[in-house]
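The data blocks that follow each hold one structure.
What follows is chain A paired twice: with chain B in the first complex and chain C in the second.
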Partner chain A sequence: MKAKLLNRFSLLITVIFVLSLVLSACSGSNGANNSTNAGNTGGKPAEGAEGSSEEPKVLKVAFFQGGYGDSWFKELKKEFEAAHSNVTVELEGDPGIMDKMGPRFESGANLPDIAFLTNTNWQQWASQGYLTDLTDVFESSIKSQLNEAGQKYAIYQDKAYVIPWSDGVLGMAYNKGMFEENGWKVPETWAEFNELAPKIKAKGIAPIVYPGKVIGYWDFVVKPMIVQAGGFDYLDQLLTMDNPDVLNNPAKLTALQSFENLFKNDWILKGSEGLNHTESQMEFVNGKAAMIPNGNWLEAEMKASTPEGFRMAMMKVPAIEGAKEPNVQFSMVGDITVIPAKAKEQELAKEFLTFASSEAMNRKFTELTGNFRPFKYSLEGIEVSEFTQSVMDIMQNNKPFTFNTTSPMFMKMGLYPAGDAYGNIVFGSKTAEQQFNEDVKFAADKWDKYKEELGLK
Partner chain B sequence: MGIFASKTKRMRFWFLLSMTLYPVLHFLVFTVYVNFQTILYSFKRWNVATGNIDWVMFENYANIIDRLFTDQSYKYAMLNTMLWIPLNVLVLTPIAVFVAYMFSKKMRFHTFYRIVYFFPSIISIVIITMVFSFMFSPNLGIVNPILGLFGLESLQRTWLGDPSTALGTVFFFCIWAGIGFQAAILLGAISRIPNDLYEVGKLEGITPGKELIKVVVPMIWPTISTLVIIGTSASFTIFLQSKLLTNGGPNYSTNTAALQIVSLVTKGDYGNAAAFGIILAIIGFIVTWTIKYFLDKNQTVEY
Partner chain C sequence: MLTGCQKDANVEVDPSEKTFPIGLWVSPPLDQITMERYAEIKESGINFISGFTEHLGGEKAIKQALDYAEANGIKMLVRDPRLDALTEETMGELASIVSAYSDHPAYMGQMVDDEPSMNEYKALAPLAEAYRKQVPGGIPFVNLFPTYASLEQKGGDYRSYLDEYFDTYKPEVLSYDHYPFLKKAEDGTAGITEDYFYNLELIRQKSLEQSVPFWLFIQTLSFNNSHRDPSGEEILWQVYTSLAYGAKGIQYFTYWTPQSGAETFGPAMIDLDGNRTKHYDEVKSVNADITRFASRLLDWTSLGVTHYPSNPPLIEATSADTQVVSGIAGDAVIIGYFKDEDGNKKAIVVNGSYEKEAVTKLTLDPSIDKLTLWDEAEPRETAVEDNRLTLNLAPGAGVLVEFWE
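And then the complex of A and B:
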């Protein structure tokens, strides 16, 4: 009996022992992943540095390594380390970081001190307490530098949880070489577009190509039309969404109908509906279509496959007839910088954030990536491409707007609550008017239920 | 002292422990824990506005069932998932049986064909969907020009972008990419059929077609029924093919239930995603079990 008990006991001990071995191995390997700079890990002051005011510190900077590459971050690291002799900046660039940040926040493990991410459901992170409240840094040193859209974007539920990272323009790009060769004028209004399109078609070229498999690109064209037609008042109503009737506005219907017309008039490259974004951009740079709904990253994204001598530029989305605001631009503010609430080096991270928002570093961003920061800064003396120049011109000469919202109802309902508006219209399963009416009806039907689900009742 | 009495026993104990510990832990964490969490999640709601996670009991389930009848994307998701079962069971497996039978006849270049057929199973699905997508691309692809070559211009179309052909094209991809794997398994089973059976058949003077139906199929029935079960249950988890070929479009016509769950998760709507997952699991269990019941009735040959 006693022997048996002892056996059980020793078995238990063994299991616990092996378990702890396995688990500690796990956390050990995590730790190794964290620190790419061996010998300077943990962020703890080394014993020898006792008494010195300059404790060596490690600042972990994570960033989405996409269209902007990593050159700006390398520059930041170099300059920040030069200004702070005791700080080592560890960079973690990852194209897949957006899939990993959620779990990292939830577990609180392996968190960077500061992260540069693409736009995501950060409002949820903020309300769950994963993000440091940056209101003090925002008010004291960053706000005055930010442009209008950027300032607006930073504030969520009266606090600044994110600082916008990049800016740009969503809209349409056109084949500048082709336009100049044929003496075509870039259309300022849809009426002008309607005149131009048959001329383009007569040359055997499609006026527009779009990626049918990523149909959301039409947002870049339709949303500006909604704002043109409805003005900023309507945009405010939409983004506040305090009653279901805001969707029942002729501005939205007009925008959807002029979108529908593009298809009715057959001004779209045949087969567009089967293309993904890369394929559609290929058709564009190969001259099969004159225009494409896209954003300010297009040139960089297509660098490798653009034929020699191809010239492209961004254009403003043509103004709708009777537009209240003909000169608007869909600002791309949306990529974010955040400091996790559980970051070890809070103060240092805030300093880094301010440093990254300085004029010199903003200029560097444009210089190194050809893209923009949502800050007011001079671009004088920076050499940019024709395409980047066109983006800059649009940004400087038009009123920016975004569809970023703090309204939980708009987040849940969206602009097209009855479903895939663009798909329905493109494939003819609904007309623009049917879609519009169904959106209105859906919003009215579900209003109370959604309100309850959001805890707003 | 029990298990530690002798060195051999001790060694044996350590050996068994080291062999079983990992699979058991893996099972506990990634099967028991994950599934348990999913069930819990399906009764909760993540609130974007307040950050709270509230218990909502069966509301998520009611939501999903409501959407299955009213929301186009959900309707297509469920319908297509259900269509995948006959595709796997009634189309893919019979073709694979036939292909495996042809291989077993050692026709000319049979090794070459075996490699060709098995190719899609070893290349990453991301690559083969990309190649396939380019083949069917409306303006750059080779499928439309080939049709033109044979004077079939009227058939040229945007295969993956036309709601009337997209699902068929995705199905075609699944068959094309799926034959190799099933055929390899079936070929293994066929090669174990004793040669005397064929010889008896020959003496009786049966045709190859009859041989396939009367000799080969009954002899490999257990393997076929395994593949049928795998094919049925796999239908409920299929999403990568649609995701990569058409992104669920055009206009949701190639959406699948699993893909719908993926998009719910991406939106942060964990509660509804979990509820849909559970509903799907229940349906999947019933369907698979029913098919298994009828397959088991029709067993089995001993040799």
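And then the complex of A and C:
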């Protein structure tokens, strides 16, 4: 968190920063000390008291308190304590928990027994020995329940150090009410989008609004297009990034050109470039634009501002022509559950982890938060909003991918090493082709230097 | 002369000329580079500026800023983004860029980078090397992240972040930022970051290990939705706790209020309209307080810090290599111990609270029979009675105590 006036931003840091704001925005708990501390006085029976002969234990559970709130954790606490009469669960919910965990790991002090955290380069924690190896509980009771993206994400150097906490979709949201009123079909390809956009414009509505001040939101549209065009093999090559030529792939150029066309064709709400994420979302819910790059948190984040009767849904990012993988979804898997290696209650924490991963508690997560766990579980009987249903439909009917990587070269080089691709294209300082070519050249020119700086052989 | 960065032990500085570095981040904008504005900076007690947007006016504006700085007895770290663009192949251009102003009497050094990841050190090192050859005695200034920065930001854990910095960049000054004053909790509690003292201690240890002074940033404003607008007492407290840990320079973040964009900022010392805020007078008062004695700290060695009645989070044990204080009673305090070049013991005692007054009694070693107390405008010598020293500290305040046998 940023906490300093900077002259440089990477898109990754921008998006991570905004996502953390987004996830905290709707909880109403934005202060670092606005934490949930529930459970110090659980009234648990003392040792020897009636109903318990086991030693009283305290299980410390820390979590990022943001867009998912704290209701699920309170439910976990209630149910886990009910099933373990000698255990008191102490909750520490904090929007600033990520700022705390690094120093806690490094100092070895003040560690929770289990922590639910936002996406971070946890592989470094694992390699430093800060995280408990969860392979035993992963293999025995959790792996088979995880979805594909979740299973993949948990592993580092052949061991499971994290269990993914949440899942969701990054992509495009649309004004479902507007689409239905006008008889517009949700475009499944960019060709269909090209036919629809003029019809939207004819109504005096912009096809798309986006947050110009957080231009990284375009990742939610462009990255799916890269995977559509290049397939999962190309995605693997990108995320491994073991040679500079990986950026010299027509899939990336196709995606950038598709992005460029949105602006060339004037399908963007005027003034978008000056909007932050909530401002752009306000334009969307006020009907000024039909679609907006966004994620599954949108409905919850805009709950207080959304006009009565407004209906929104997520749509799959339209497929580019000739897509190798037309049906993909940009999974939000990345938030994690970890047990610190120096946590006091290792076995109890693993029990809690398994409990939190149960069908019942996964269903409860969706019921209480309107969001998803990265598990395969039934949502039958759970009342969810139209928006949440649309997210679920995308998740269940498309192949998930993430851009999570452990490649130090990818983290240094990035997708657009020659500069801010989206900004360059939007403001006309580079064409998509120029950006593409300059990225290729930059990677080639800097490859050996970066390898040396990163200590790579 | 601004010191706190005497890496070259052969450079002798007249003690009477030593100045404790007190700097600022976010200097006046381009259209406010005036004699009056720089006099205003001087009036606040700040004695050096980190350049910010002067370069937007080209060399002319940089030189103008240096001229006004010199006229007001202020030094300047120049920011010139042309250096950022230099590569190994073009590093030869550094000389022509910096020589335009590096001979200026107000010139102190060059802003090189702010909050780099450790993956960037190797790229920065050649620039620093070339700079040092071109400007011996100049500071190629880099400021580091705090402990609460993310793994992605730092590129690794904090100890590695510091180790690699010294191995690769070999700095003259160890500078970092850590903004402790978080947004108030729903119940009104005005807390600080959990790792504030942990960060200070890691930096203190690294500074001693490497014999390189450390500087840090003092929070003067609210920002984003995470950090509150600090009170005058809180600003005072952050300065004094920094000194207690052995800081040999401070910078205020920020002086001029930055424009909000992706990050949002409350008013700093000068607001967006160019008016002084309450923070201006608060900082002026703090600077007047510490400049009575701060230059002395430059030659002292930190021996450790004690927290009474209990250690701060993440620090399991604190210790101070001193026999002078054998007992503490009363309200919470933080005591930073030092020794001077002759081995005489010193302490900066800071109120543990920035909200309440503290009355604290120190039991002194019987060998201590005289003290110099810096609790008034002028230092005063006093004899020790009953091996006791009672200190009354205002919220956030600290006092320097010198012990004499």
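Criterion: the second predicted complex is superposed on the first by the 404 of 457 C-alpha atoms of A that agree within 3 Å, B and C clash if a C-alpha of one lies under 4 Å from a C-alpha of the other, contacts with A are read in each partner's own complex, and residues count from 1 in each chain.
Here is the rule we go by: a contact is a pair of C-beta atoms (placed from the backbone, for glycine too) under 8 Å apart; a residue touches a chain by one contact, two chains touch by 3 or more.
Note that this is a predicted model, so its numbers are computed, not measured.
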{"item": "Chain B versus chain C as contact partner of A:N121, first or second or both or neither", "value": "both"}
{"item": "First, second, both or neither for A:K412, with chain B first and chain C second", "value": "both"}
{"item": "First, second, both or neither for A:P198, with chain B first and chain C second", "value": "neither"}
{"item": "Touching partner for A:P103 - first (chain B), second (chain C), both, neither", "value": "second"}
{"item": "Touched partner set for A:E453, first chain B, second chain C, both or neither", "value": "both"}
{"item": "Which superposed partner A:G423 touches (first chain B, second chain C, both, neither)", "value": "first"}
{"item": "Which of chain B and chain C A:K213 touches, first, second, both or neither", "value": "both"}
{"item": "Contacts on chain A seen with chain B and repeated with chain C across the two complexes", "value": "3-4, 6-7, 14, 121, 124, 128, 213-214, 276, 408, 411-412, 453-454"}
{"item": "Touching residues (chain side chain A, partner chain C) in the complex", "value": "1-7, 9, 12-14, 16-17, 21, 24, 29-35, 95-96, 98-100, 102-107, 109-110, 120-122, 124-125, 128, 213-214, 276, 408, 411-412, 449, 452-454"}
{"item": "Residues of chain C that touch chain A when the two form their complex", "value": "25-26, 81, 114-115, 119-120, 122-123, 146-153, 156-159, 177, 179, 182-186, 189, 191, 193-195, 198-199, 223-227, 253-254, 258, 261-263, 265, 313-316"}
{"item": "List of chain B residues in touch with chain A within their complex", "value": "1-4, 17-18, 21, 25, 45-52, 54, 56, 59, 71-73, 133, 136-140, 158-163, 246-247, 249-252, 267-268"}
{"item": "Contacting residues of chain A [partner chain B, same complex]", "value": "3-4, 6-7, 10-11, 14-15, 18-19, 22, 121, 123-124, 126-129, 212-215, 269-276, 279, 282-283, 288, 408, 411-412, 419-420, 423-424, 426-427, 429, 453-456"}
